[in-house]
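Read through the structures below before going on.
Shared between the two complexes below is chain A, which pairs with chain B and chain C, respectively.
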Partner chain A sequence: MSRQKEKVIAIAALLALAVFPLVASPRIGGEVKNILVFCILTMGLNVVVGYAGLLQLGIAAFFGIGAYITGILTVSQFPFQWNFWPATLAATLGSAVAGAILAAPTLRLRGDYLAIVTLGFGEVVKFAIKNLENITNGSRALNPIPAPDNLLDWNGNYRWYYYLALVMVVLVALLLRRLEDSHLGRAWFAIREDELAATCMGLNAAQVKLSAFAFGAALAGLAGALYAASLNQTGGPDSYTFNRSITVLCFLIIGGMGNLRGAIAGTFILMGYDNILTPWIDEAVQNSGAQWKFSTFKLVIFGLALILMMRFRPEGFFPSRRAEEDAAG
Partner chain B sequence: MSLLELKGLTMRFGGLTAVSKVDFAVEKGQVFSVIGPNGAGKTTVFNAITGIYEPTEGHILFEGQELRRPVKRRLLVAVVLIGFLTGLTLAVCSANIDKLWRAVIVLNATDPGEPFPVRKAWGDFWAFLHADVMAEREQNRLTELEVKPKDGKFVIRSREKKIPLETFDDEEVATRRLEVLTALISLGGSTRTTIRGDGKWLVIAPPRHILGIHDTEAAAKQQAQDLKDLPEAAIEEKGNKTLLVKGGRTIGTFSARFEAEDYKSAMAFAKDAVVEKADGKWVALDDGRRSALETLETREKARERLLQLAMDSGKLKWRLTTRASLMFLGTVGTAEQAQKEIRIIQGSIDHDETPELAAVHRGQQRERVVLWIMLGVGLVVGSGGTYAVWSRGRRTTDYITRNGLARTFQNIRLFPEMLVVENVLMGMDARRRTPFWSVALKTGRAKADEQAAREKALELLAFVGIQDKAGMVARNLPYGDQRRLEIARALATSPRLLLLDEPAAGMNPSESIELMHLIRRIRDTGVTVLLIEHHMKVVMGISDRIAVLQYGSKIAEGTPDQIRMDPKVIEAYLGKEEVT
Partner chain C sequence: MLILLQQLINGLTTGTLFALIAIGYTMVYGIIELINFAHGDLFMLGAFLALTIVTRLGLEDAGVAGAAGGIVLTFLCSMGFCAGLNFLQDRIVYRPLRNAPKLTPLVSAIGVSFVFMGLGQIWKGVADINFPDVIPNQNLLGTDALRFTAKDLLVILVTTPLMAGLTLFVRYTKMGKAMRATAQNPTAARLMGIDVDRVIGWTFAIGGLLAGAASVIYGLTINTVSFQMGYQNGLYAFTAAVLGGIGNLPGAMLGGMVIGLVRSLGSQYVGEQWTSALVFGILILLLVFRPSGLLGARTREKV
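Up next is the complex of A and B:
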């Protein structure tokens, strides 16, 4: 797929998404809004796993850190009571710092060992959120998170958060596309391809890995801030479990690692299946008077799909440009 | 001064000596070859030179100095800073973040619109770290007020603790006052319910019970007049409405006769109501009913009054706790008492009066000691660890490459999934300084930088002769071109010394000759070449000087002609001639 064709498809998809909430029902529109927020999270994970090739199993922790920083800075029970925008910025930067602090001592670890560390970090964050009751309200979550401003009816109409998420997705995608084509993004690819060769090119592997980790965490934090704002609350600690990290990794595997199309498409395919298609089939089945529910089988089908995927198209639905060119040549 | 100088380089892996006391010097502009049978330690020498291995013994000098990251002031600052941060983190963690947050933020939280007491919070932060005693407010919703007749007068007091609050002569006035106070107390000592009375007029009946807030004086006077006239007002029925009328003027309209009668008797106490301007005063409002309760001069006074009432009635208490562990020490009624208790506890640190105080005292001391130990341990471990990790990575491949020493690998190590041109760009990327924001905003500077780099990459590809394959994925290149690409990529780092590890391996004779030409051209651009090679034709054809390794030791060094005649070299390659 050439760059030109890709651009056309991207703009067409963007237009479709921009018009979508005007015609869709609020329930489905709200689900798509959530999908857009998760697109940012998947793109963040893509930076770490897809671009830099570092297996990261604790992305939900940074998602949670972003959500809770936003919560702490905005809710009325604490004295900060910032506006949404600076709080979002703080959530993004705060997650990046957390990512850097986690990455700095673990940079020497490779592959499985790094994965274990990130997995452990995810659990630590979950339990920290649960147990730091005075800071996070424990399992009751921080709420209410005020709307970004009073000019628009943010809480009454999901569309404002929808468009906010859409604009963020576009900005993040644009930023990542530019990084991909620059020396900063190339450094990540090089580390993934061959670390020794990359250091022989004068790249400081530690710095590059650190930047990938921090950048991925920053995007996850941004997604967390949007998620919390659109929910009006941070969601309890159970929203940020290992399960969520793995789900997001699945988005990436299904969609295709190491490229934006894959990350976005994977999120839409899996979350669309889980949150839109499954309820729709359930409803259709119930209307036909049958006694079974499709949603009881949804995980079975998902598992089967994943196995088949790994067997027949391990590079995902939308493999990176490189893999595709390779298949063509 | 030689460009590269090896002095007694020895490499040992466990008990195995791979390279032993190798010396040689590469002069600028030379093509220097290292040859030797398989397993002679040639690649190990290369790895030592490029920083993949740290030499066990000996020195590797590039342009007269060892390539190690220098100790700069910035590094020392970073080391101390990381140590300090580690210490601080440990100290804060040992003091329990959750409780620290509670003491500093939650307990100091004010209502919306109020400024946060930053100074006090900061003081609380340090006091927490010092494990001091603190007083916090605690709510207790069980207490109610009651009116109690006493000596012909009526006392309002708290039902549970029997604390008298106010005394009145008239029971009805006392009952009314009780309602006001109950409303005030239900506000919980909160200042949320005070509003500024700027430009408002109040109708106030004794004892300072506010009956109405008006925007104009006329409206307020009208209400006061109505209240004064109320006892003499007549009840008239008109249609389905009941009116209270005095001198042709309607005071109130009701839907039933009994309502009018109730109102008349209930408001009888207010016949002496006066009108007051509330300018600059603060009115305590009952949130639920939005009726005014009291006026005070300043917001602080209003707040104090609300707090005091809640205290007196027992609705609010002060809880004494140690900060660090929030260990409960007791409750007292007022803030003054709480402060006094705290002074007593802190004043008694030297003489243990009671077992409880002694326990608090010991706890405080322990907390303080733990805190300082944590800070110290963090400082030492943090900065020491940072320095140790840094110093282990002083001589690394990337630093050496950036200082002008590039290499290729015996078994090709390209970035297989990247395009050919991107592989070459990688060689330049480490030197590029275009910042993140510039790339993110796609400024002219970033575009120009990338464009220039791409042009240079294509030039390099043309130099090695594969410019027409720039758009291919690297791993699809034929083998010979992969070698060329690796050389182009190494040249992209703008090296002064290029290390080629068996570049002719797997090449046919014509490719080898092309390679020889390429190496010559590289040397002609001013790059010194250090070569490992097995193809004798290549080595003898282009080398200015050759060193021969066997079993990790250098057995000969000299010009190609000298090496060709050297009996040791012949022995190493062909075996010893048997003398019979």
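Up next is the complex of A and C:
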């Protein structure tokens, strides 16, 4: 697909998304708002897994760290009570720092071991959120997170958070698009393709990987901040499980790793299936008077789809140009 | 002192359970470098089958002889079922992906895990289910201060011969030798006339066999099963495999024991709710300082 055509499609999709909440029901619109927030998370994971080729199985941890930094800095039970905007910035930077701290000692590990460390870190963060009740309120979560300002009716009308998320998605996508062609982006790709060759060309592999890791964590933190704000609360520890981490990995892989189209499309396809299509079919089945529920089978169907996808189109629905060339041989 | 001893007993018995599941992870990883995320859910399906059999046979009030026979039958069924299912999983899902990039079979494994979990959900529903209490919880020691129950004995009676048998199998049989060769270098093994796909099939079957045994033990001793049990226990078992040095058989057994002990001692001295975080914290620290695990050989990254 040419750059030109890509641009046209992106703008068309953006326009459709901008008009969508004006015509959609609040329930569906709210779901799409959620999907937009998760698009940022998937794009963050894409930096680590897709661009730099590091398997990260604990992205939910950074999502959670972002949400809880926002929560701690804004809710009334703590003395900070910051406004949403500086809190979001702090969540983004805080997650990046957490990512760097985790990555610094572990980046020399071989691929799978790094994946396992991230998995373990994800579990540690989940249990920390659950158990540090003095700070996190445990499973009751931190709430209420105040609205960004008093000018708009943030809590009464989901559309404001929807447009905020949409603007963030566009900003992040533009930033990453520019990064792909930058010195840093090319360094990420080089490390992914052949670490040895890249280091022979004078790249500092540890530094390049660390930056990818921290960058991915930062985007996950930003997504977490938006998620918490749009829910008015941080969501309990169960929102930040290993299951979430691998689900987001599935978004990325079904969509197509290593490019923005894939990350965004994958998130829309799978979350759309889970949160919009499944309830819709359930409702239709119920209205027809049948006794069974589609949602009972949703996990099996999702699993089968993953297996079939890996068998017949492992590069995802919207592969990056490079993956397309590889698949063509 | 007695408390410590008690926690050691508890830790070692749960540890052997994790070890049995961990072996399935470690053997598969050792041969095809795949983290088989579906293994924990296979364990869950085994436990569900055991639940069905135990309930159908009415073992709860079958008398000692009847219960013993029924338990043996349950073990055989669950072990056979899990072995067959694991073998089929490899045959249908992973075998066509042998030459694919590593992420492809990994995502397939996540897919299989979802399918298994979904099937478990359809089979028995989402709620926790009570597993009939067939084995009496009676203390075998003459004192009240220390408990070593019939359930603990069952765990040891089943796991020890299985692990010993597996060790002997891998060390002395022709298939065992072929497994070790394939783990070392699949290409060279193939050149030496080893049917690598057959070896991999056997590996999956054996891993399933042990997971099946573990699932029956779990049901009989923990007495609660749910469709999510595979996820949490699978994660622990996988951690055990990594702790011991993934791909390393004695390592998986040791890793299982270590995790069992960390959990039991942790719940005694640190606090029940922190044990899981403790396990994964130790995992991270160990990987930072000794990436190959407790018993794993230090391999150099191939260029």
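Couple of notes before you dig in:
Quick note on the criterion: the second predicted complex is superposed on the first by the 324 of 329 C-alpha atoms of A that agree within 3 Å, B and C clash if a C-alpha of one lies under 4 Å from a C-alpha of the other, contacts with A are read in each partner's own complex, and residues count from 1 in each chain.
Convention: contacts are C-beta pairs under 8 Å (C-beta built on N, C-alpha and C of every residue); 3 or more make two chains touch, one makes a residue touch a chain.
All values derive from a computational prediction rather than experimental measurement.
Steric overlap between chain B and chain C is absent once the structures are superposed on chain A; the two fit side by side.
Once the two complexes are laid over each other on the shared chain, residue contacts for A:Leu249 go to chain C alone; chain B is not touched. In the superposition on chain A, A:Pro26 makes contact with neither chain B nor chain C. Taking the C-alpha centre of chain A as the apex, the lines running to the C-alpha centres of chain B and chain C meet at 90 degrees, rounded to a multiple of 10. In the superposition on chain A, no contact is made by A:Pro86 with either chain B or chain C. Contacts of A:Arg186 after superposition: chain B is touched, whereas chain C is not reached. Touch criterion met: A:Ala197 reaches chain B, while chain C stays clear of it.
In the superposed model, A:Leu132 makes contact with chain B only, not with chain C. Smallest inter-chain Cα distance, chain B versus chain C, after superposition on the shared chain: 10 Å. The intersection of chain A residues touching chain B with those touching chain C, taken from the two complexes, comprises 131, 196. Interface of chain A with chain C (complex): residues 55, 105-106, 108-113, 115-117, 119-121, 123-124, 127-128, 130-131, 196, 242-243, 246, 249-250, 253, 257, 296-307, 309-311, 314. The touching residues of chain B, when paired with chain A in their complex, are 50, 52, 97-99, 101-102, 105-106, 108-110, 112, 116, 121, 393, 396-398, 401-402, 406-407, 409, 413-419, 422, 425-432, 434, 436, 439-440, 442, 446, 450, 453, 472-473, 475-476, 489-490, 492-493.
Within the complex, the chain C residues that touch chain A are 33, 35, 37, 93, 96-97, 100-108, 110-119, 121-122, 231, 235, 239, 242, 246, 273-274, 276-277, 280-281, 283-284, 287-288, 291, 301, 303.
Remark: chain A residues 76-79, 81, 131-135, 175, 178-179, 181-184, 186-187, 189-190, 193-194, 196-206, 320, 322-323, 325-326, 329 touch chain B in the complex.
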